[in-house]
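In the part that follows, the structures are each spelled out as structure tokens.
Below, chain A partners chain B and then partners chain C, in two separate complexes.
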Partner chain A sequence: MKRSRLSLATREALWAYAFLLIPLAFFLFIRIWPAFQALWLSLYDWNADPAKRAFVGLEHYAQMAQDPLIARSLRNTLLYTLIGVPAQLVLGLGIALLLNAVTRERLRDVFRAIYFAPYVTPAVAVAWVFSWMLSANFGVVNEMLRAVGLPAQDFLRNPSLALPTVTAVVVWQNLGFQVVLFLAGLQNIPRDYYEAARIDGADGRQLFRHITLPLLNPVMVFSAVIGTIAFLQLFTQVVNLSFTDQGGPLHSTLTVALYIYQVAFGRFDLGYAAAITVLLFAIILLITLVQLRLLSRRVEY
Partner chain B sequence: MLRSFVRARALWAGLLAFGLMSAQAQVTITYWQYDFKSKIEAIDELIKRFEAANPGIKVVHQTFPYDAYQQKVGSSIPAGQGPDVVNLFYGWLPTWVKAGYLVPLPENLVSPKQVDNDFVSMAQSAKMGGKYYGLPTAVRSLALFYNKDLFQQAGISKPPRTWAEFFEAGKKLTVKQGDRYTQIGYGISPDGQDHHLVREVLLRQMGGRPYSDDGRKVLFGGAEGLKAFTMYTDWVKKHGIGIPSFFPGNNGYRDGFIAGKIGMIIDGSFAIGTIRSGAKFNWGVAELPVEKVGGRKANFGSFWLHGITPLAKGPKLEASVKLLNFITSAEAQRYWLEKVGELPARKDLIKDPKLSLDPVYGPFILSLSYAKATPFVDEAAQRTVIVNAINRVLLQNMDPAQSWKIAVEEEQKILDSFYK
Partner chain C sequence: MNKRLSSFFVYTLLTLGALAMVFPFVWMVLTSLKSFQELFDLRWLPQEPTLENYREVLFGTQFPRWFLNSLVVAGVTTVSVLFFDSLVGYTLAKLRFPGKNLIFVLILATLMVPTEMLIIPWYVMSVDYGWVNTFWGILFPGLISAFGVFLMRQFFESLPSDLLDAGRIDGLSEFGVFWRVAFPLVRPALAALGIFTFLGNWNAFLWPLVIIQTPEMRTLPVGVALFSGEAGTAWHLIMAASSLAVIPVLIVFFIFQRQIIEGVVLTGVKG
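The block that comes next holds the complex of A and B.
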């Protein structure tokens, strides 16, 4: 019998590579390649017939600088992210800590399921329910405001309230996912650390500050990065919460992703839309790199 | 030997030609529209009739949800995968033509003169540069829907004929408790049909017109335009006969009317079906009010048309035009009215007294003779211009004159960038 020249470990690795090639090919051809095509498309005036696409160079990028809706949607997107991500993290952590304190496992599972439910509810249904709850005339939210003597608010139609309102709906929807992440992170922290610290006389705040928070850092970084990307690409809830005036009222809820969609498929101006896509891609890449740099640190005890 | 070779060749050639012929005889074309139950069923039936009359042609009918429709068309046609015949809103035509998604109808198969003669005048909005890019089966106009029961309770005997009567009625129909409305007179909806009402109806009734004849210059910035605009915003600001988003949701104004909480709405003939099946009270339809009795009438007309894409080539193009001619024929339009409830696009069909005297269809039919379809170049953007002009006044208390001036500038910019 001839012995294979490759060791067992090498052969296993080769098999692994072979299996990894399939998702790699998928990733390259279905995700990366079209992304680069957008770069190329952004240099042309769109036409359904590739032969009739006129090369315009950087014209679309110059057009972006003149387009007030670009500035507006960028500002809105930034606001969504700046309000939404921290809110999601803080609330998510708060609820996860409370749930973690529930010692009966069955009960904890029930709570977790309840908090997770909004995450798997279709955005259209969420939007419909919220537009009724937030209605100035019939909504339960305004009912509560009136009960405590505050004036009723037209949350989704007031141009200065619409964006924070949409953000709140998105946070509410994402919260379940965030809670599950933090809960998993909390349960991964070894009990001994807490016990050892307690013996040393640490109080609850110190435990949280010096054990829980640092050891949750990987989950925190992951959540911040994923949450930021999701908010930078915000689209579905914005569309559905103001369906016949998408991004309105008065462009106050318009996001970059929604604007790209409107330019591409409301106007069939895919060249310009591709240019905005490239801008959004660059922004997301930059912010993600900065975040990873600033937030990541290895904690070991 | 040679002879038998020749004979064999001839036989082969014959077989080959026969094969080609039979392959050619069977053409498959694809028709696309968005999901709407009665329209899907109607097209299915029309295709069945068409295939029976044209044995060599097979039609594949595919539909998509409304929100994903343009996206689907936008990405499929460049990939060579999409429809040969496609249904689209007339307002999308300029952007679709500019981006190469439609081809002009071949003049030897569809005579432009004939279409000009046979179809209601608004169908000419399907023309660009003198060429037709599609034809409609049905057209729509606007009218006033009113709740007869609420009218009776408020002591109003008949639908308003003038705008003065309209807000008199509106005031009587509005019920407020504290800071809350429990019932409103008019279902105001800037992003529903009201932006059309301002641009195409009120403006023309005041004696203005929205654009220059070549469509390149915005003319609604004049005194008539501002008067029309202010009159509209006053319904909310001054007369308080309604508030936007009284009922939330995509078509809140219509939902509120169907729920019996709104006295009057202005809506398209396409809403007849929904209102008929939903409203559990006596309701009526009237022609839109005018400035004064005997004054100028105006209406906004619109339609969906069937266009032909660059994917239809050779025998497919011929088959596609055949299908297009069939689904816009008088027979198909009559069936469409019965099945979908939309008004026929052919002149001789709307002259039918049975239609113009119908209490529900009548007001819409009468309006068709003077309805105009706005010559949009970028429907989504132009609609936003008017909606925002209204919202600046209603939501931000901007002075109507200032807000209207912004709208005129924004609109002119859109026209300029299209015609540059």
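The block that comes next holds the complex of A and C.
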């Protein structure tokens, strides 16, 4: 066999760098560099002609503090997250527990697939279906309300109902994802634990509190973090649920992501929009870190 | 609690929940079969079911083109992600070279940056390079996924290195070892990553909305959104368009539901 001039270790390293060449170029130019560029753009007043972009320093950040729509969109985004994430977790866990009690495996799979189906369907289409179902005069939801003697509601155009309504639609769509994760988590818990505890005289509620909940903790942290990040970036459903009045009545459904879109591609104020994206980034980072800290507890049995 | 009573309770609740999941789809299809006059007469079932709405959406708009565009965008992206993500995952898991940890951390760090922060620079970049309103412009940000790299690395790590060495002894090049020995062994992970990449890009809305300027370049979600926005109260047409966007996805889902759901579990537990 011909002896290679290079040592084996060098050869292996050279192959590795060759494999990584294109991907690294991608991450540097498409993912990392643009993140810094957003920071840089936030310090300038945008102009299509690069020579006319004026450096304004931190002015956009000062402007944000004065902008009532920033305050509004931040407040809304936090509200979406604070209602949506717990609702998703509780409902997801509840349905997973019910599914786990189904002994016929085929039937359980059918139910699981039904709950999961909305998660894979295009959010745009889902939003339009709901905006039809929830419409004030001819929506089927209001027909049902009237049929049981309740007053009809203008779900998407009433400023105090619009945000909870959008949240409900998002939860409806994401629920299946949570159900599938929780069900897998439940099925990973060894049966022996329950049997041993039952011999020691534990009742159903104690089993849930001391075995099920702690052992599901990793799954809960995962779904809480994923869910929070998704809610903080809410855009598609908000846009499509009230398409002609984006951001909803009196900006009651406006999210940070939608406001960024409007500032950037409606007003073409790309510098200011970039500053808001930096704020969103900081918020997501902070909340994720805090969540990971608070929620993760190692459980060992 | 009585056993029969509690199982009755379980099935009742699950069925009610399942109805809430299914009803919007049923309502969408029912509406899509109605004529404009029937929309507002408050009867649930279409009295004279018609496929006229579908004809109008399919032939009166560029819907087939949008469908094709989405297929191209999601297809190309998925192939690229599967290839590059496994190549990078494999390299980080199985090859030894200086700077490995730094590179891994760098790639992971990109997961922290939200898309919103990147779309403005991407847009500026696309204007500079003439990528606005092109297929390349729509799909370039998704060609490699950091999450996929992370996932594939986990899977390659669990492969025994002896197998790879056997390939080397048989005279395969390093790329041959990856492509012929390692790649085929992580098929379950590839299936999961592939399905999610495809669905994610098929349903993507924000970036395509920014970068697409003309009707014939629209992807399906952008097409449906803008068509519906213009259709106003023509809910029969909007529901036909929505059905056309949703039903193919549901069919694919129910065919592959086991693999798709196992994929979620796999990514959720491993990832």
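In this section, the second predicted complex is superposed on the first by the 270 of 301 C-alpha atoms of A that agree within 3 Å, B and C clash if a C-alpha of one lies under 4 Å from a C-alpha of the other, contacts with A are read in each partner's own complex, and residues count from 1 in each chain.
The working rule: a residue touches a chain if its C-beta (ideal position, glycine included) is under 8 Å from a C-beta of that chain, and two chains touch if they have at least 3 such contacts.
Every value quoted in this text rests on a predicted model; they were computed, and no experiment measured them.
Asks: Here chain A is shared; do chain B and chain C fit on it together or clash?
Replies: clash
Asks: Return first, second, both or neither, reflecting whether A:201 touches chain B, chain C, both chains, or no partner chain.
Replies: neither
Asks: Taking the superposition as given, does A:49 touch the first partner, chain B, the second, chain C, both, or neither?
Replies: first
Asks: After the superposition on A, what does A:243 contact: first (chain B), second (chain C), both or neither?
Replies: both
Asks: Now for A:149: first (chain B), second (chain C), both, or neither, which partner does it touch?
Replies: In the superposition, A:149 contacts neither chain B nor chain C.
Asks: Answer with first, second, both or neither: which of chain B and chain C does A:270 touch in the superposed model?
Replies: After superposing on A, A:270 lies in contact with both chain B and chain C.
Asks: Count the residues of chain A touched by chain B and by chain C, then name the partner with the higher count.
Replies: C
Asks: Examine A:128 and indicate which partner it touches, taking first as chain B and second as chain C; both and neither are also allowed.
Replies: After superposition on chain A, A:128 lies in contact with both partners, chain B and chain C.
Asks: Report for A:136: first if it touches chain B alone, second if chain C alone, otherwise both or neither.
Replies: The answer is first: A:136 touches chain B but not chain C.
Asks: Of the stretches 2-10, 74-82, 110-118 or 290-298, which one in chain B hits chain C?
Replies: In the superposition, chain C collides with chain B along 74-82.
Asks: Taking the contacts chain A makes with chain B in one complex and with chain C in the other, which residues are shared?
Replies: Correct list for chain A: 48, 128, 132, 135, 138, 239, 243-244, 261, 264-265, 270.
Asks: Please output the residues of chain A touching chain B within their complex, sorted ascending.
Replies: It comes out as residues 46-50, 52, 128, 131-132, 134-138, 151-152, 154, 156-159, 239, 243-245, 248-251, 261-262, 264-270.
Asks: Using the touch rule from the top, collect the residues of chain C that touch chain A in their complex.
Replies: Where chain C meets chain A, its residues are 6-7, 10-11, 13-14, 17-18, 20-22, 24-25, 27-28, 31, 39-40, 42, 44, 84, 87-88, 90-91, 95-98, 100, 103, 106-107, 109-110, 112-125, 127, 140-141, 143-144, 146, 149, 174-175, 178, 199, 202-203, 205-206, 209-210, 220-222, 224-225, 228-229, 235, 238-239, 241-242, 245-246, 249-250, 253-254, 257-258, 260-261, 264-265, 268-269.
Asks: Which residues of chain A touch chain C in the complex?
Replies: Of all residues in chain A, those touching chain C are 9, 11-13, 15-17, 19-20, 22-24, 26-27, 30-35, 37-38, 41, 48, 95, 98-99, 101-102, 109, 111-118, 120-126, 128-130, 132-133, 135, 138, 140, 143, 172, 175-177, 180-181, 184, 188, 219, 222, 229, 232-233, 235-236, 239-240, 243-244, 256-257, 260-261, 264-265, 270, 273-274, 277-278, 280-281, 284-285, 288.
Asks: Any idea which chain B residues touch chain A in the complex?
Replies: Answer in residue numbers: 67, 70-71, 74, 77-78, 95-96, 98-101, 179-181, 190-192, 243-251, 309-310, 378, 380-381, 384, 387-388, 391-392, 395-396.
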